[in-house]
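Read through the structures below before going on.
Paired with chain B in one complex and with chain C in the other, chain A is shared by the two complexes that follow.
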Partner chain A sequence: MRRSRLRWLRPIGIAVVLLWSLFPVYWALNTSLQTNAEAQSNPPTWFPTHLQFSNYEAIFGVGPSSASTAGGVGQALLNSSIESLGATILTLVIAVVGAYAFARLRFRLRGALFYLVLATLTLPVYATLIPIYQILTTTHLVNTYIGIIFVYTSGFLPLAMWIMYNMFQALPASIEEAAAIDGATTLQIFRRIVLPIVRPGMAAAAIITFLFGWGQFIFPLVLSSTNATQPLTVALSALAGRHVVPYTMINAGAIVAIAVPALIVFFLNRFIVDGIVAGSVK
Partner chain B sequence: MSALSRLPGRTNQNRSQTIRRGAAETALPYAMVAPLLVFIGALALYPTIKTAYAAFVHDNALVPPTHFAGFSNFQDVFNNAQVRASLLNTGIYVVFGVVLSVGLGILFGLLLQRRFRGRGIVLALMVLPWALPGVVEGVIWSWIYDPTFGVLNATLKTAGVIHNYQLWLGTHQLETIFFISLVQVWQITPLAAILVLASLQSIPSELYEAADVDGANGWHAIKRITLPLIRPGIAIAVVEGLVMSLNIFDQVYVLNAGASTGSSLMSETYQITFGNLNFGDGYALSLMATVTTIALSLLAVKIIYRKVEY
Partner chain C sequence: MASIELGAINKVYPNGFHAVHDLDISVADGEFMVLVGPSGCGKTTALRMVAGLEEITSGTLRIGERDVTTLPARERDIAMVFQNYALYPHMTVGENIGFALSIRKLPKDEIQRRVKEAADVLSLTEWLDRKPAQLSGGQRQRVAMGRAIVREPAVFLMDEPLSNLDAKLRVQMRAEVSRIQRRLGVATMYVTHDQTEAMTMGDRVAVLNAGVLQQCDRPKVLYDSPDNLFVAGFMGSPAMNLYEAAVSADLTLLRLGSQTLALPPAVRAARPALGAYADAKVVVGMRPENLSVAVAGTPEGSMLAVDTELVEALGSEQLLHFKLDARRIHASGVDEEREVGEAAAGIGVARIEPDGQIGHGERVRLAVRPELMHFFDPASGLAIRA
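For the complex of A and B:
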């Protein structure tokens, strides 16, 4: 078939894509398993010669090398999990319910409200960062989980709503019509018939929302000044910014922050691609 | 759309049963969208309006009191050499970010267009950088860029590309921006590739077969058939790249040690607002950046996006 002369280029190209995508993560993993001396050797230590986990022990505050320079990664991991999961659950519930109303029900101002919600999808961080900081300060929600979860939720809602709206639109209306003729109420149709069908779409929206939450930086940087609520991203940048923590430990911290999204990408990749496409190409 | 509510006789049936159920059914849509509207209203729309207004208010914790100030915040920021440097830097971030991420995205998309064994795994691994936090990426790349122990220096020296270890960041403006931008490109290229792939998969294969019969070579087929037909995907990839690079912060925060060499509009806004506590100037920068982001996004869509028909 076409381009057969260039066929040999494809495997090389794919190998380059894989090297480009994976090498930085491999390098962090490799460094995190080395001693400081190995990490600073020249030529570089391409493969860890003997596995040792002292860097991980140090950043989680266990073992002999845990100094006051590092540590606190355990708390940050917990904070990241609570904030990302909390925002995902809240976003998903609100988005699914709202998107169904916009996609299938008829009410006054539906079009205007729909576009109002959708328009916030285009708002950059600049538009909301400083006012949100001021709102959370006056409502005493700075340095709280609930404050960060609310802020994440408001930011992720428009995309999640848009993904779910497209999923609902893609459903044939005939199933719901048949149920309505049989006397089912709107709420019954929504809960018993529609929700089970769009479960894959909900998974896609949930996974993308969770990954966004996990990666947040500037909002939690501004909204959490203490270790009690700082997520991994903020804790890690603070660790790296101190310039006294060895790079082997910093890379161990990075691998902890990478592990969760990496597992999600590896096992739930299908939903991610579906979600990205559903959320953008329209 | 809303086929349910158009069902014949449905409303009448409700009315004939009980009035209460009818009222509940009427109120239901509003109840369903209410939480959405509360969150969007309180933490997206209201803040945006606040930004638009507060850009014209003098609000500096070190120089009180707070008062309406017309365009003086905008004068302040344009008279600030650091801000002007960050504006120029951001322009360069945008050029690098959009060109590299979309260019690589198209390349990756074309490479992965056809089915082959293990394609699913390659796609999953390619998506990985997109799923990782920008800050964490900055942290792991800063070790790769390290001037003394970095693997980039070691590799390039072994390959004979450089004679001495280089300081990649913080000395030259363009070089610093390029290497910080590269980290962001690493993150957003998978998104561009997926958008391109999604467009590619909607192209009917008969078009290529016809071109093949007509004797078109590979490059001609790409130029004449593929690229025009994946314009919608490219348009969205350009807008994504544009918005991400205009907003670049995480990578800059971690990698830009030398103040204005690689500062971005967002890092400068952060510094002025939360470092210098000059909220008025921070708001002025935020408003300009918001308007620019939205205007450029719309422009990019208008120029590139065209409905394609096969």
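For the complex of A and C:
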């Protein structure tokens, strides 16, 4: 009764939420397709009147309108990809092996260590910014891919490990025992039985880690001061000059930056949901 | 194919819990040995030690001619069927069955041939390309069997393989497992808590309680002459009626509560040890099927008057639940929940003819067959026989 009477509220609620979260994205897309004059007109230009891609050409350093500040976006895109992918791979390898050890092996302080790892999730990450900067300085890893990848990995590992831990917990030990009796070695069991079964969890952990890495701003801002290693997020903010803020170009860059995670979520969200739900429902 | 030899095997967990005590069992080549007992009796632990999934604290384990006490599971040449089947969810039925063979790097065509053979035996042929999730419980159970038989292992181990099936399917698979085992003639250890499975499937049955082997013999022997109160109470459904009784000084009478039964000379002669219980207490056991409604002419000394509590008509027979004014003995560990209440009330069960009309609350005289009664020492619980 109650449910059916209020059912009309549902689509409205969804529409409000969608508008709230998607409008800024639309506005970035809209602005990125306009000229500077249109973008700063009043009243604003709600729809791009004549499509032109000069802003995209500019940020990638092609075409006649490329400004001196622009052109680094291509490099930044590459940096973002290397750093996010690198962190994803490293995180995944450590998370899978570590979580398996926590889930299956019996060793002293196992519980305490695991909770310690999880507890780092509750740390306000910015509190670690200065110490991390100092560590990277001493180890000469500032302005390197490796430095950024290490920092990302240390930050994303606990969540990835927790996802994998739940996957391994949900996997009945008898499946591995059956494989042992079938004659498989520990390594064969891990490779042929365990890993294929937890693949959805690995996909989820990988995607989430990649998206986190892609969206990082403060850490790479502090830890990479040169174009050679700055990711897209940092490079975009650097487009803003002291006197001129090229809104159209920044928004073109933003659309590029959004496109990658958007595509990932669009095509791979099944894995994210499967992987996160897998541990909870048998 | 081989025999299994457990010699004085113990399991003590790191926390000090002694799960299995000095277990001696030998399973002959081709024999079907059932390990039965209430939950927590150590039967699964024993099986897992044979499998190599649990370390043996002390004792020796031999499979065939080999001492495998410390060998890892994969080198013991065993196959095991798990209670939850433990199928590999990401593999098809065919891949599940063939996994052990592919680990041994057998040629593809031989794997295919043997998987096909096993699938034929278990009527799984048309499901070979399915994933376990798409199968019914009974089919999954058969895949687990298939995975075991395709190996042609030295021994089979089965850990409550039928307990996840519904009652009807369980009866069907019970026969099927027995049939396959006899056909392959591989020594088998089969763990169950279900005494019906133990009775019907085992060549021999080992009854365990609290980690200690109580008796190991053919089902018929366990049923007809249990060594102690535990086995007497555990084997048989409904369970044996166990009451405290006092033997008269001249060994001719048996007093149960306020009633007296005659102890014929033949009964005493068959159990010479009973002589030591003159003017002492014993536990008497009467199987439900050895009690019947007394007919005219039943001698006075072999009848017990009881009050009917409940009559369950099963078609082929009736179960008459009665109350007897004697102290019901509770064999520790057996079927805890039910037993506690009955111990107080002195309730027992008789298995009687299907056509008798007996109303609830009616007082009935049951004929007892003294020669089929069991006697136990109340302190030690051991059978009083020779």
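Simple rule for what comes next: the second predicted complex is superposed on the first by the 262 of 282 C-alpha atoms of A that agree within 3 Å, B and C clash if a C-alpha of one lies under 4 Å from a C-alpha of the other, contacts with A are read in each partner's own complex, and residues count from 1 in each chain.
The rule is short, and it goes like this: contacts are C-beta pairs under 8 Å (C-beta built on N, C-alpha and C of every residue); 3 or more make two chains touch, one makes a residue touch a chain.
Everything quoted here is computed from the prediction, not taken from an experiment.
Chemist: Of the two partner chains, chain B (first) and chain C (second), which one does A:M161 touch, if any: first, second, both, or neither?
Modeler: first
Chemist: Between chain B (first) and chain C (second), which does A:E177 come into contact with in this model arrangement: first, second, both, or neither?
Modeler: Both partners, chain B and chain C.
Chemist: Which partner does A:T185 reach: the first (chain B), the second (chain C), both, or neither?
Modeler: both
Chemist: Considering only touches as defined above, state whether A:P196 meets chain B (first), chain C (second), both or neither.
Modeler: A:P196 sits against chain C, while chain B stays out of touch.
Chemist: With both complexes superposed on chain A, which partner does A:I130 reach: first (chain B), second (chain C), both or neither?
Modeler: Only chain B is touched by A:I130; chain C is not.
Chemist: Residues of chain A touched: more by chain B or chain C?
Modeler: With both complexes superposed on chain A, more residues of chain A are touched by B.
Chemist: Between chain B and chain C, whom does A:A259 touch in the aligned arrangement: first, second, both, or neither?
Modeler: neither
Chemist: Would you sort A:I146 into first (chain B), second (chain C), both or neither based on which partner it touches?
Modeler: neither
Chemist: Touching chain B in one complex and chain C in the other: list those residues of chain A.
Modeler: The overlap between the chain B and chain C interfaces on chain A comprises residues 177, 180-181, 185.
Chemist: So in the complex, which bits of chain A are touching chain B?
Modeler: Residues 1-3, 5-6, 10, 13-14, 17-18, 20-22, 24-25, 27-28, 31, 39-40, 42-44, 94-95, 97-98, 100-107, 110, 113, 116-117, 120, 122-135, 150-151, 153-155, 157-158, 161, 169, 173, 176-177, 180-181, 185-187, 189, 211, 214-218, 221-222, 232-234, 236-237, 240-241, 247, 250-251, 253-254, 257-258, 261-262, 264-266, 269, 272-273, 276-277, 280-281.
Chemist: Provide the residue numbers of chain B that touch chain A in the complex, in ascending order.
Modeler: 1-7, 10, 21, 25-26, 28-30, 32-33, 35-37, 39-40, 42-48, 50-51, 54, 107-108, 111-112, 116, 120, 122-129, 131-144, 146, 148-149, 151, 154, 158, 186, 190-191, 194-195, 198-199, 208-209, 211-212, 217-218, 221, 232-233, 236, 240, 243, 246-247, 249-250, 253-254, 266, 269-270, 273-274, 279, 282-283, 285-287, 289-290, 293-294, 297
Chemist: Which stretch or stretches of chain C touch chain A in the complex?
Modeler: So the residues of chain C touching chain A come out as 51-53, 72-74, 76, 78-80, 82-84, 86-90, 99-100, 103-104, 147, 151.
Chemist: Of all residues in chain A, which touch chain C in the complex?
Modeler: 172, 174-175, 177-185, 188, 193, 196-197, 199
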